[in-house]
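You will see subunit A twice below: alongside subunit B first, and alongside subunit C after that.
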Partner chain A sequence: MNTLTPLAQDYLSRFDTAIGSLPGHQSSLVTTARQTARDIFARQDFPNKRVEEWRFTNLASLTKGIGDDIAEVPSASASIETPHVMTFVNGRFDAGKSSLDGLPDGIRLTSLAAELDAGNDSLINNSADHRAVVALNTAFMEDGYVLDVAANITLDQPLRVRFVSASGSVQNARHMRNIIRLGDGSSLTLLEEHTAEDGHSYFANPMTDITLEDGANFRHYKLQDENLVAYHLANTDCLLKDNATYENFSLAVGAKLSRNELTTTIVGAGATSILNGAYLMRGQQHSDTTTVTNHLVPENDSRQVYKGVLDDDSRGVFQGKIHIAENAQQVSGDQLSKALLLSDRATMACKPELQIYADDVKCSHGATSGELDEDALFYLQSRGIDAVTARKMLIEAFLADAMDEISDEAVKVYFSGIATAWLQKA
Partner chain B sequence: MAIAQETVEQVASVSEKYKYGFVSDIEADTAPIGLSEDIVRFISAKKEEPEWLLEWRLKAYRHWLTMEEPEWASVHYPKIDFQDIYYYSAPKVKDKLKSLDEVDPELLEVYKKLGIPLREQEVLAGVEGAYNVAVDAVFDSVSVATTFKARLEEDGVIFCPISEAVRDHPELVKKYMGSVVPYTDNYYATLNSAVFTDGSFCYIPKGVRCPMELSTYFRINAAQTGQFERTLIIAEEGSYVSYLEGCTAPMRDENQLHAAVVELIIDKDAEIKYSTVQNWYPGDENGIGGIFNFVTKRAACRGENSKVSWTQVETGSAITWKYPSCILQGDNSVGEFYSIAITNNMQQADTGTKMIHLGKNTSSTIISKGISAGRAQNTYRGLVRMGRKAENARNHTVCDSLLIGDKCGAHTVPYIENQSRTAKIEHEATTSKVSEEQLFYCQQRGLTEEESMALIVNGFCKEVLQKLPMEFAVEAQKLVGISLEGSVG
Partner chain C sequence: MLEIKDLHATIGGKEILKGITLTINAGEIHAVMGPNGAGKSTLSYVLAGRSGYEVTSGSVTYKGEDLLALSPDERACKGIFLAFQYPVEIPGVASATFMKTAYNARQKYRGEQEVDAMEFLKLVRVKTKELGIKDEMLKRAVNVGFSGGEKKRNEVLQMALLEPDLMLLDETDSGLDIDALKIAADGINRLRSPERAGLIITHYQRLLDYIIPDFVHVLADGRIVKSGDKSLALELEEKGYAEMSAA
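== the complex of A and B ==
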């Protein structure tokens, strides 16, 4: 029997004490869910490189215990104005920094801790998820947002949820559990931001559970701009019913080590899953994007475009699996991953995977990795544009393919601004 | 006219069942069943091997005992009982043979059925300039005959069973064997290192273009026998060789294990073209019987401008587990992998390649065509790795899968690792099915449904079939048709 990693030992030794003060501790359902998850985590520990799904992402620097590293506090490089904001500071809902007044009827945006303490424990389904990082989240979840949208509600302005790591934090881990349900035919945009106002190292472990009822249309944008000594391991699961549409765009610029894992499961005809993203890494940063798209029934579509820009010693990982179940006929699944290496030391690992058990399907994936096109650079320079500007133009153009997929105009401008600011720092 | 005749024959043979499924009653010399150090010693003694080789085998065997069977491939099969296999079986020979006439007539009959032109005279009597192939035939555990040796020797080419090479050219074998696939490499390669019984050895000296294609036919005949052959090909500076490999086995309702190791060493400016038509018995339509084909093939492009090309047509075996790889060490070296993998009924294939780019300006091409029918599962699994020093390395990968029927599966699992800024990697994969329109069009022109399917599938595979040497291409095309028999309608 291998010994557990120090961080796992630490968690397990704290569990029995912690459970008494975590939200929902009055509920036997929540307690049972936490205990089951604890056991699953204890059996697996944090994933190491021998676990196939984690072969490219090494958590050793996290699992030996978070150190006292301090990073420069990043300053916001772009801004966005939205009427409704919900803010979590150091993993807890902060009403003072939130403005949730005036939400239309039919839209409820609340804190998970409040819901659980109010006895709304049916939010937590007790299905024993086998993923170690998710199990850890279930065992220790402390707060998060709960978004419940009734049928046929449309909200044009994006809702904004901010997770901020601020100074004065006593605990350096945040296990956020977010639960989203959109009723039949409703349509909504949500912008989720993970940022830091403090330079201490921490471990963010958000888990988001989304259910889209028939005809629901959900645009879900995520900015990961943690400080450069932070760890960010996120899981997002989305269930799509008939004619539902899920659009996700993730922009990652922060964290020392981050993994954004998206699992969409399509159980309805006419549903569409669109996963896009961009990651901009430099220094010693590591970014992992892992997607699993499950087509379980006939007649639906999925598509993905991911773009990565890797400078200095940074590492990029893309793993994308498209699974098409037996009898899930007339399905189309497309995927594209492109990475740009700006430095001789940057590396990229890619594993686009197709798993197909039905014959009447159209599936494709493409993956490329390489440097900027010398000819294009030369062309721009020959038109009087200096080399630095030319490089930036080409990188922006490279990212545009993915950025253009963002259907909310305000978010597109906001994310483009962040990308441009990142490039300016080069 | 001749073409019309050939078409008729091809169409006729499309409707054949697995035609190599016969069993030959040949007296065999067999080692006791099971695996132990004694068996390893027995095999080594039978082969009259030198001490160093026995030691190497024993090291491999002891290492094997510490290893676990790999389970990462997407193939499912009952656990293999390694003690229930005969590790050595050889057609019995009375004294040394003086000529082929003294070979067991049953054996010659087998080769006739396999369509191998084994008799030297027959081939030599052929028309001047006719297509010549030197053949090494491996029957269960031993090589039974090698043709054209004299002609090859004129050019300094050594082509013989590996057991003979151990005897006659120990310095070459000692230098190169295990240098590409070390005995610790993986479970099946290690097992092979311990118990390998025969295989082919080729040595092409500096500057020689091998005057003919070299070919090996592997045949498993005896029941409950595992076949563990080892092939070693060395192409010295500036040389060239084209090597063909064919495999068949009788129909039996048990699973037989085939775990081979192939090592290729390519020096500066040299080229090896390695083609395989793998047609081991695939089992019946219910998945009873068939060969477990767990093979390690690897080529080391050691010198500048060296080139290796793997072409494979995988139609047989109940389970195929095979990743012919290229280590592109030399600057400007080139690796190619062209593959057709066809699975029907209950067959499972997990196959692909590894391209490891280490040198500057190295380039590789991967074209993989997977066809899945019946209840078969077909997986492409490949790795492209650009090392830090692989400046301006290039890779282009195309993986296409074709599905026939709604009970089969096609999977693609590529691993792409890039550590070189200046490297360019492109990967594309598609999965589709044969469209109703295509089938209808062909049937409208008077072809039956099965013929239409064979025609369309051959079109799908054409890119790869064209890479095969001519003789093989014809056989492979027919095989494509036969393998898919019963998959439509």
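== the complex of A and C ==
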């Protein structure tokens, strides 16, 4: 029998005690879900390099146990004003740092722990998920946000959810479970931020489960700005029904090792899945973007554009799978991954994967990685622009066509500001 | 203004410039003509400071200073402008942003007041009007999707805006129809003054009908083989490079 990794052993040894105090422990449904998930996790352990989906991301430094590395605490480089903010500190809802008053009727934004303790246990429905990282989340989920939007509700200003790692924390893992459901024809923007006010190492393991009913339009923006010794393994699943639109943009600048895994499943005609993102890495940082897009019915579209900027010894991974089922005719799926390597030690691994079982579909994928264009650099310099500024201009230009995909103007400005601040640290 | 002495330069170990000596004084326009491969573009790149070219011997003095010790952006800020034979496309950078950044870089270098977006727009609109360039071009990414003529006109616009002391024009006429050529030449002629100098690099005599040079030099195999006044250009056109180089 294989020996489990130290971190897995630690989790499993704590499970029986932990389950008694985790939210929803009064519910047999939640308890059963946790136990099922625990067993799935125990059979697999954390994924190692022999697991195909994890070939390029090695979790060894995490699974031997989180060390006592301390990072410099990043200072906020840009800001955004939104009327509604929900804050989680070290994985737990903090009402004092939240402002949720005045949400329009039909929009409920609540804490998962509160929902489960109140007996709303039907929220948990995917306990048999085979993915180890998701199973770990289900077994140990402690809190998260629940966003429930009735039919035909439109909110223009983004809702903001902040996950903050603050000092004085005794626990160094956070298993957040977020559940989002948008009713028929509703339209909403959510900005989700993962940041740190403390330099200790921790493991963030958010799992977000989204259902978009007919005609719903959800703009979901995520900032991953964890401290530089943190681990961040995130899963987002989105189910799209008829004419639903899901727009996700993920900006990653933080964490020692991060993986942003997005799985969209389209079960409706006229639905559109748009996944975009940018990751800016330096030092020894590792960023993994993994997307799985399932087209299960005819007549819908998906597209993705990911841009990476990799400096120093950093490493980027992009894995994008587009699956088109046998009967899913008249589907289009486009995917583009581009990486800019600013150092000759930075590396990029890329694995596009098309699984097409229908014959009347339009699919494309492109993957490039390269250096800054020397001709363009010289052109800018020859007009009096110094080399440092010229490089920044070209990197911003490289990111621009991904950033321009952000349809919420305030978030676009906010994310661009964070990218600019990242470049200024170079 | 510019003094080139016995300049030798290589690229990838291959010697392209094999001893060029040329003096350009303020107020003068010099034309360097020559066949393909003579080293014309290399000369312009070495003067503008492009990397990849190694100067193996000789010197270039600009306004009394060692030009070769300066970075390309310092050269530009000190008043050298290279109009590219093939202007580079830069997706994602708006022309207006690019030109404002360049303008302010020079202002800053010279300790002069930088301009804001509104002031810059006023400045640039005067120039676009003179050159018959549509303002819409300023919103587009630098040279992306521009026709050959538009790219060259954009070079002249940048030059008009940056008001250099030494203009280096590398095959500015190539890819231009006669109307575009007249507009470009007109833009360059407007910049002629007793304080400014220019070096026009060209394969054909055509451009020199519109920008009359004070001196013409024939460059062949990395050396200046003949110098004269504007009549030399006409002679070249008549006899061809082979005969002139052999002379």
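Just so we're on the same page, the second predicted complex is superposed on the first by the 424 of 426 C-alpha atoms of A that agree within 3 Å, B and C clash if a C-alpha of one lies under 4 Å from a C-alpha of the other, contacts with A are read in each partner's own complex, and residues count from 1 in each chain.
Heads up, the rule we're going with is that a contact is a pair of C-beta atoms (placed from the backbone, for glycine too) under 8 Å apart; a residue touches a chain by one contact, two chains touch by 3 or more.
Only a predicted model underlies this, so the values are computations on that prediction, with no experimental measurement involved.
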Subunit C versus subunit B on the shared subunit A, clash or fit after superposition: fit
Which superposed partner A:125 touches (first subunit B, second subunit C, both, neither): neither
Per-residue contact with subunit A, leading partner among subunit C and subunit B: B
Partner chain in contact with A:354 - subunit B first, subunit C second, else both or neither: first
Contacts of A:379 with subunit B and subunit C, given as first, second, both or neither: second
Which of subunit B and subunit C A:154 touches, first, second, both or neither: neither
Which of subunit B and subunit C A:368 touches, first, second, both or neither: first
Touching partner for A:394 - first (subunit B), second (subunit C), both, neither: second
Subunit B and subunit C, minimum CA distance [Å, superposed model]: 14
Touch list for subunit A against partner subunit C, complex: 373-376, 378-387, 389-390, 393-394, 396-401
Subunit B contact footprint on subunit A (complex, rising order): 52, 56, 326-327, 329, 339, 341-344, 346-371
List of subunit B residues in touch with subunit A within their complex: 72, 388, 401, 403-433
Subunit A partner contacts - residues on subunit C that touch it in the complex: 48-51, 71-73, 75-77, 81-82, 84, 87-93, 98-99, 101-102, 105-106, 109, 141-142, 158, 162
